[in-house]
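The next part holds the structures, each set out as structure tokens.
Two complexes are shown next, each including subunit A; its partner changes from subunit B in the first to subunit C in the second.
Showing the complex of A and B:
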């Protein structure tokens, strides 16, 4: 039994260290003559990295101190990007000014493995310690970035070259997603409340939206171009508001259609969160329907709704990237334009920004959810 | 029932669209090429389905085996990590997965296939873990009491009881794959998204409508069929 206890928590370490160890032999960096050509693989620190992964696994096996493991893995999460930046600077020494050093599959796999390992070792600690560790790591990476440690990596160079366009695209993406969320809430909440009261009609409504949800996003976006172009021609006033065939209007319309199903579903579940007995008791005490809603159903249902909004927000940020194919702009433009030009750095810049935005939405709604749960 | 109507529409579209050139010409007389002709609609539909089927198959095998390993006694400690990967993976938009696959594999069907597999594993994995976790302990004890071995208990008790949620995961995986394969035509895969993307780039609304109608009918048909199969499995 004791051997089992000792072995069981070691398995994730073994699997993740094997992954990191194997990734040592994937290219850590690529050196390309310019931003359009593909590069030559370079892995300057194979042995050091291999030893580091073995050391982490060995430490976890022989000295089973959680604090030590967390310290080691945190150091690794910070050191990997630093190493990439440092190597990029050395590889660019004396190279042509158009040269680019891109981070390769080896770097990304190792970073992912280290991050997951840290997540595993932090499990079981209190929320305060976990948050503090991640905050410290974010601070360390951020201060390295401020100090210019990553200045020679290709994505950072791409960002510097396209800073204005990128920031515009970023805010367009945020605006598209934000408008969609607000509209979906404004329509979905009353509609959900109605669907909750009228159970049968509500079922039909949910069926219609789940039908729509199945249609591939690109097809729905594209099919809306025609009707919107017709609207703009029929009512020029709408055209002046930006309702052309392509652009933001059909994109937001389609995004709202996709967002409505989860909003409706979670509104109904949220209103069901207060047990019928509790509602009846409150009514018996002389509370009006609005009182029951405001005092009992909303506080109990809010956490459910917020966990649903988390899904909606993440989904919307991802789908808004597809909307750039019908001319809505946003970060998807970086991705598809980059793919068209064969500019990998541009694609990666857009992709990483989209993932970061989705992640930020996820964290934001997780935080709100935790807050609502405490108050409920 | 929900499968039959979309399926009829899909078959009708496949029969009618190849001969619908004059209609589209009458509708949009300014277009010089009112009908997508680079690849036949049948070939596009089969390519799309083939890509989605192969990717969903691989994703199902991967997701199912990972889910089973993570719920066995020896692999339990992996469960939190597997869950974390599934949760973090879901925040990656399909477009992002597609975009990451392109620098690794170049243009064409290969990056789309990789993206479909990577993204398709998550729902199957999540539902497998959820389904196996929800098997009532009483059923497990009964199987143990009857002297079932580990394998027999897994194959004859746990998996049949978890079949409903697992099937729901496979269905979700297939539907997401159909949508992502459509976008995959933007990175050079030949799917039903090709007419849409070419129509958007070349300003040809007829291509866009033809591709969108077909892929919409295809998605609804597959969803209906898999949904019917899921209900059948749950009733067993």
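Showing the complex of A and C:
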């Protein structure tokens, strides 16, 4: 894995190092008297950080070993939150118990720059190496968290204060997204197969869903309140099952509508992945339609479908946040309640969790895709 | 035996095949030849029901194909096409084993048959059975396509311009391999091509199709000697048709028993075209004729030109 990086363009490294270096002079931390008021900027380790960025840039430029670059940048990705936690503890020494230390623009910019730098250096390596690097970093950050290294950072305090609600919201979010994906697959796969066979009608179908995709999510959620409330009144049995104008049912309904277009598209593309002449030969040699589907089209189309589902999954996790506005719960609650209360830590907690979930979905489907590629 | 009875087909109001009758005998190598769009592929695809005729019927070994289970019918008929259509995610061996697998052969029988076919079609690179089609040359891919068509020892094989996309050398080698296999196994082959030389070189009988009609059916010599009309004469090659005749007739038909001295030799089963080529190459008007390495006679330039029945 000691590929010569001279072959990789140096420009992204230079840009990201400059970004990180400049961010040293942005506020690293904010010290606020409580969770609602904004705080005073503090950057206790400006010099150390500036030197660190110069060192990373210098290493990348003069010692062109990719392994070393990856090790350095990985260390940076782990060290930044550790430093924030460490400084937060020092700043809180002797302060009022309601005081909070929030991570500031400097921290976030540097962390982002370090993360992107790592992505750049990992590009072109095998999936196994990339996954191993990220897993090692996650493990390091996690063990630091277990050891209480971040306990004094505001967002972690927020989490501790709302732990029960947060975990509930997290699982609700997972359930909303998961149900949406399963339903979208259950409807989208057969519908996509039909659209593939009936080309003209399929085009109309895709057009309808393309139009739906342009309706803003918030508007669609609002539009569904009326019909769902009416449904619940007309059939009280449905109401008893939790059906109503607001809540999970209309949210999942809307999310499925949004997920259907990409599922349909990628189903059609996936079915087309098997060359027409191979299908003709398969039929001519006496395979039934079912055989052709199961033995030719599915193995060849699965990688395409999975790469599409990856997009659907990430999109659904993001859109499910908006669903909390019609009472579906989920991590969106933290974002919108936090905005309402002016509690930045709460917004951040919800947002970071949504990003992490989307990232996990992305990794999951990338892995499945790699598996399907190997088998095809 | 394949019999077409009054078969017709229209696509979007245009008649592609019009009331066509044809009978292909058991063990016959029958070539349908004609320009593109003449309906020959459509006719071929009717035999294994990839196309359904609008009128008339098709009998395979006496049974109307429309009354037979379609998958059963197709598994009993070999099928090879110009674009080959190998399954890209399956190895060469798995591709060849497609129909035997569908028929539920035992693994041992399948393996033995795959080995046999690889040898028969000279796919003899070591380990080729485990390679994927994309790693093969065009010629090798088409050999695999032919092997796959022959895998379950079908009594009838349909081939739709299988060698159309190959270079001349590869094509010739595959043509002669196919001819040998067909003779050895007495398989009935219905072969479609737009290439007259290929048609005359392969076919026991040739059917010339123009605009959905079979304008003439006969042996290659009949088409050359007695064209049914001007269009056939033109398609067969006008005055150059005689050159085609040389390619079809063997030396055996025109040689004389006098044994000539000196000069190069030509095999008794070589074509007259080969003999003419050898004469031109050596600047001689007479060659020795050999049979299994023994000189049995001679052939002269005059013998090629002479008109005998």
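Assume the second predicted complex is superposed on the first by the 363 of 376 C-alpha atoms of A that agree within 3 Å, B and C clash if a C-alpha of one lies under 4 Å from a C-alpha of the other, contacts with A are read in each partner's own complex, and residues count from 1 in each chain.
By definition in this document, contacts are C-beta pairs under 8 Å (C-beta built on N, C-alpha and C of every residue); 3 or more make two chains touch, one makes a residue touch a chain.
None of these values were measured; they are calculated from a predicted model.
**Q** After the overlay on subunit A, what do you see for subunit B versus subunit C, clash or fit?
**A** They fit: once the shared chain is superposed, the two partners occupy separate space.
**Q** Contacts for A:325 in the overlay, against subunit B (first) and subunit C (second): which applies, first, second, both or neither?
**A** It touches subunit B, and subunit C stays clear.
**Q** Under the stated touch criterion, name the partner, subunit B or subunit C, that contacts more residues in subunit A.
**A** B
**Q** I'd like to know which partner A:97 touches here: subunit B for first, subunit C for second, both or neither.
**A** neither
**Q** After the superposition on A, what does A:211 contact: first (subunit B), second (subunit C), both or neither?
**A** first
**Q** Who does A:123 touch here: subunit B (first), subunit C (second), both, or neither?
**A** Touch partner of A:123: subunit B, not subunit C.
**Q** Contacts for A:287 in the overlay, against subunit B (first) and subunit C (second): which applies, first, second, both or neither?
**A** Touch partner of A:287: subunit C, not subunit B.
**Q** Between subunit B and subunit C, whom does A:164 touch in the aligned arrangement: first, second, both, or neither?
**A** Neither: A:164 stays clear of subunit B and subunit C.
**Q** Once both complexes sit on top of each other, what is the least C-alpha distance from subunit B to subunit C, rounded to whole angstrom?
**A** Shortest inter-chain C-alpha distance (subunit B to subunit C): 25 Å.
**Q** Can you tell me which positions in subunit A touch subunit B when the two form their complex?
**A** 8-12, 15-16, 105, 116, 119-120, 123, 211, 214-220, 222-223, 225-226, 314, 317-319, 321-322, 325-326, 332, 335-336, 338-339, 344, 347-348, 350-351, 354-355, 358-359, 362
**Q** In their complex, what parts of subunit C are in touch with subunit A?
**A** Its residues touching subunit A are 45, 48, 50, 71-76, 79, 81, 83-89, 98-99, 102, 145, 148-149, 158.
**Q** If we count contacts the way the header does, which residues on subunit B are in touch with subunit A in the complex?
**A** So the residues of subunit B touching subunit A come out as 74-78, 80-81, 84-85, 90-96, 99-100, 102-104, 175, 178-179, 182-183, 186-187, 193, 196-197, 199-200, 205, 208-209, 211-213, 215-216, 219-220, 223.
**Q** Where on subunit A does subunit C make contact in their complex?
**A** 275, 277-288, 291, 295-296, 299-300, 376
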